[in-house]
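Structures given as structure tokens follow.
First chain A sits with chain B, and in the next complex the same chain sits with chain C.
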Partner chain A sequence: MKKSDDLKKKWAPYLYVLPAFFLILLLIVYPVVTSLNLSLRDKVTSHFTLDNYHYFFTDQVQLNNIGYTLFVAVMTVVLALLFGFMLALYIRFNNNGLSKTVVALTILPQFIPGLVAVYSMMLVVRNGGVLSRIAQSLGFTFNPNLMYSANGLIMVNLWFNIPFAALLLLASLANVRQASIESARDIGADKWTVLLKIILPTTYKQFFIAGAFVFMSNVGSFTTPFLMGGNNPQMLGVVLYKEFNQYLDYNKAAALSVILFLLCSLSAIVYVIVNMRKEKWR
Partner chain B sequence: MTVKLMIEDLSKKYENGDGIQDINLVVNSGEILTLLGPSGCGKSTLLRSIGGFERVTTGRILIAEKDVTKQPPEKRSTIMVFQGYNLWERMTVFENLEFGLKLRKVSKSERKQRIMEMLTMLGIEAMAAEYPQQLSGGQQQRVAIGRALVLRPEILLLDEPYSALDAKIRVQMREELKKIQRRLQITIIFVTHDQEEAMMLSTRIAVMKKGEIVQVGTPSEIYNDPKDIYVASFIGEMNFVTADTDRVAAFRPEDAHITSAQEAGENTYHGTVQQSTQMGHYSQLMVKLEEQTIVLFAEKDAFENYPEGTDIFFEVKKMQNFIKGVEK
Partner chain C sequence: MKFWKRATAAAAGILLFVGLAGCSNSSASSKKASSSSVKQTNVTLWAGGSQNVKDGMSKIVSAFNASPEGKKYHLNLEFILSGTSAASLQDRLVAAKKAGQKKTNYDLILASDSDYAAYTQLGGKGIFEKYDKSQISNLKNDKATISAGKGYLVPYRGTTVVLAYDSAKVKNPPKTSKELYTWIKANPGKFAYNTPESGGAGAAFLQTAVYNYLPKSALTSSDSKWANQWDKGLSLLKSLNSYMYKSGGKVVYPNKNQGTMDLLANGQVEMIPAWQDMTTMALTAGTLPKTVKMTQISPAFTGNLDSLVIPSIGSNKKGAEAVMNFILGKKAQNILVDTMAAIPVIDQKEITSDNLKYIKGLNAKDFRFSSTGDLATQLIQKWDSEIENGVK
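Coming up: the complex of A and B.
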């Protein structure tokens, strides 16, 4: 009797973990391994080769695509963090009707399907779109030139990511004790000093964490660049789609997915390092 | 005696109707003034208004004859020690003290000298390199005081600074504060709900009730001549015996002495001892009168002579009268 109880205790945790474990094995580990394998094979002979990777790092068009992708992703990260932080600061330190509305608006984009958002945005900003028509009705010509450009992509990315970054940063701002700020003000610190010496030291970790998330979701993004991006340079998500569906080059597509995966792991590493960092004061 | 702080017709109303009103107060240079009252009486609001953390609704605040009513905390020459100490947990003890000096552009060598002097005075110089979380409550409290004093404020504001400490350390910290105050001749405004603490520390006490100051005076004035029933019952023990329909007679437990039926005079009461306890250097007798139970303090051996259930006569030497229903 007792023995079977012991046995139960011993095996119960594994039983709970098992379904998730198999799902991960099936849906993550297996595809990753096959992609990796595929990316290292020649398209025709199936022999081992590094040519698929070589192509992406030597071909000028592909190098431009990688650079373009990084540019869009990094700009999105920087601007989303900047504006997100300003928004979070406003929400944290103002408690009025407007700040409550802002909080509600911040959560809103999470409930709008990406495709719908991108299409509506396109209707507004494209040349001849809503903005242009409003301008025209006021008697002058205005074309935002945001379609098929990096600016347009970044702008739409920001639409999704500023609220997201703001929510993450807001969570860390909640850890800044009002009392810490008051005592700093009391001994003569102005608002800037409070920001630099009290608020930022408490929240800087969250910047890296929010930045890592924003970077990951944008470096491999597809919907927005597919709908709004130009033909050259292209974001890697679109390149991947074309290698797979138009050129039917599964080996190159696999190599590109591995490259994307590595780019994402870069930010994952940042995330882990920042989280693991021991601080003297703790 | 010079006036350090002057408050004129101050009021601060919150949206929910709480707050303080009709506050007039003068604090002299080198004084320890205590704002005393139960929680919710507005004493912290008044202190925070003096420190600049609350935007007042009406009235003026003058520090050293300068109107500071509209100035933010960083522009005022007051420094506050908060209830939870509010030390910056990412800075060492030394850095906590240094922050304000840096903002005042004090040179590095002078900073170091002033900080070490302060830490030595407070007896925590060995902890300079430690972080606040590594210190005990009493040590954190000292750091908080040091952080304020190192900036040489005109007025030091303390918001229930000892409420988180245990009783023994609390007494010790009060002694230290008094010593420091005497040494630096600094003006202190101290908020507490602990009447014993107020009696012990203060040059003068301002008793507060429902957002107003009821009485201001030295501890002995407040104790011996309370203005109304509220002050009388808040400070120390007070027995109330009904005199007539609209008046209440009151006396302190130590202002009665035990007598006999033969010697009964004008202010003599008769009752039954309900409980008799030796409290150390004195005895405490709970005596049942006709309507209520009162407390007497008597000499050390009285508890043996008056066990529970015995009859007792006592004469009140000092009786005070209050008007009933002064409570708003």
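Coming up: the complex of A and C.
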């Protein structure tokens, strides 16, 4: 009996991991491997080739698309973190009716379907939309020119991501002990010093984590750029859709998927490194 | 050890459950088959498409079942909403045919004449059965002519791309394609067409601009030699590029048919190529201003004829023909115009629907069809690289 108990102890953990492991194997590892395989084959002959990658890294149009995608994603990350942090600070250090309402509003976007949000946004900001009509009724012409431009895309991305970043940052702000702040204040620290010496050192890790998530969800986004983006350059999500659905070029689509996957892995690496670093100070 | 016992027991349980589920499934289908052997026989119509097709077809089905013919045959609708498993009807039918199934409930399906080519290419010519003319007395009223599948396809409704314009701003809409191109140049920023890959209206604009320079037969040919003659049309579109709608100083080709329609609704542009049925539905729903009107230019934009066809693996040919006959009748045609703003295939004098005022002057008789197979995709790719990605 003793022996079988040992066996159980030894194998039980693996058994618990097994379902999740198989799911990952089936839904993530298998598609990644087949995509990788597909991306290295010629469309017609199915022989090994690097042409599919070569195309995306030499074709001027595709290079512009890659650059444009990175630009939109990075700008979204930077601005979402900046505004999200400001929002989180406000919520953390103010406890009144208004700040509670703000918390409720912050959670709201997570419950609105993306498509609905993008369409409502388009209705408001498009040329000839709500803003233009309000301006017209006040007697002047105003066109936001946000449709079909990077600015518009970034703006909608921010709408989705500021609350998300704020929620993540808020969690780490909860770790900042009120006592630490108060003692710092007692010995004469001003607000900036508190921010730089106490709050930022406690929360900087969460910045990288929130940034990694925001980057990943935006670099391959489709709905917003498809509905609001221009014709040239385009974000990679739309390019991928076209390669796959319109041109039926599965090999190029696979190559682009791998490129997107690698871009996402960059932020995943940041995430892992930050997570593994030992806490130096607390 | 106990644990493993339990695990095997659980696995056996799951297997048993799956087995039972499989059994119950097959018994349900055999029940269905046996009930069709009673006096009134079943006809199943398979259809796919958007919600408007589903609405229209559901009304047709209940009207048929309420008609005298409905006493002999009971019509059922199996609908596959597009986007969920769009190519699925075709896949299912071809698969059933290849698996050698017979006497299935694929009694009647909806297909356009361009679908017909794909069906016969995949499933062989024997995938469909010819209809019996003598069983379909209303066939003589069918004014539509199809480009493929004669004797198999019964065209029952049409839809085409037209020019939609704001009559408050455009007093004299163009009548020919030449006039249209001149109008675009004379009114910079007031015309837009959607990216051809994202919607049929833009695709029709591209296709007609290119194929107007080619002989008539090219539009129904998939011979790649015609691709060498696209340059003239493409350079015409390039020359129009800078006169298209601009946002923030940049030329824009919106995505989807709805994209250009939104621009028209907001007064950003004055004229667009658009689907006639989609425009009509938008007008009746009030999402387009009442001043928007439709017109067809000459040579026309391309359109589509939707048809009924009998798969050879169906089990109720007589019933299917009764449905074909019914759909060409006055009542069914009025339902189609009402619910889908379809262009009727019978004489428009027979139509009493309110929607008639929107489709006046559009006849299924003089539709312009295209069936260029793989070339259509290649043309779009060419447009993408030469026009969408920046005119040099």
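One rule holds for everything that comes next: the second predicted complex is superposed on the first by the 260 of 282 C-alpha atoms of A that agree within 3 Å, B and C clash if a C-alpha of one lies under 4 Å from a C-alpha of the other, contacts with A are read in each partner's own complex, and residues count from 1 in each chain.
The criterion applied here is as follows: contacts are C-beta pairs under 8 Å (C-beta built on N, C-alpha and C of every residue); 3 or more make two chains touch, one makes a residue touch a chain.
These numbers come from a predicted model, not from an experiment.
Considered on the superposed chain A, chain B and chain C are sterically compatible, since they fit side by side.
In the superposed pair of complexes, A:147 makes contact with chain C only, with no contact to chain B. Contacts of A:95 after superposition on the shared chain: neither chain B nor chain C is touched. In the superposition on chain A, no contact is made by A:137 with either chain B or chain C. Contacts of A:231 after superposition: chain C is touched, whereas chain B is not reached.
Of the two partner chains placed around the shared chain by superposition, chain C is the only one that A:4 touches, whereas chain B remains out of contact.
Shared-chain residue A:188: touches chain B; no touch with chain C.
By the document's definition of touching, neither partner reaches A:45: not chain B, not chain C.
Closest CA pair between chain B and chain C after superposition: 45 Å apart. Interface residues of chain C, counted against chain A in their complex, comprise 1-3, 195, 197, 247-255, 262-263, 266-268, 377, 380-381, 384-385, 388-390.
On the chain A side of its complex with chain B, the touching residues are 177, 179-180, 182-190, 193, 197-198, 201-202, 279-282.
Taken in their complex, chain B has these residues touching chain A: 51-53, 72-74, 78-80, 82, 84, 86, 88-91, 99-100, 103-104, 131, 133, 147-148, 151. Here chain A touches chain C in the complex through residues 4, 8, 12, 61, 122, 126-129, 143, 145, 147-149, 226-227, 229-232, 242, 245-248, going by the rule given at the top.
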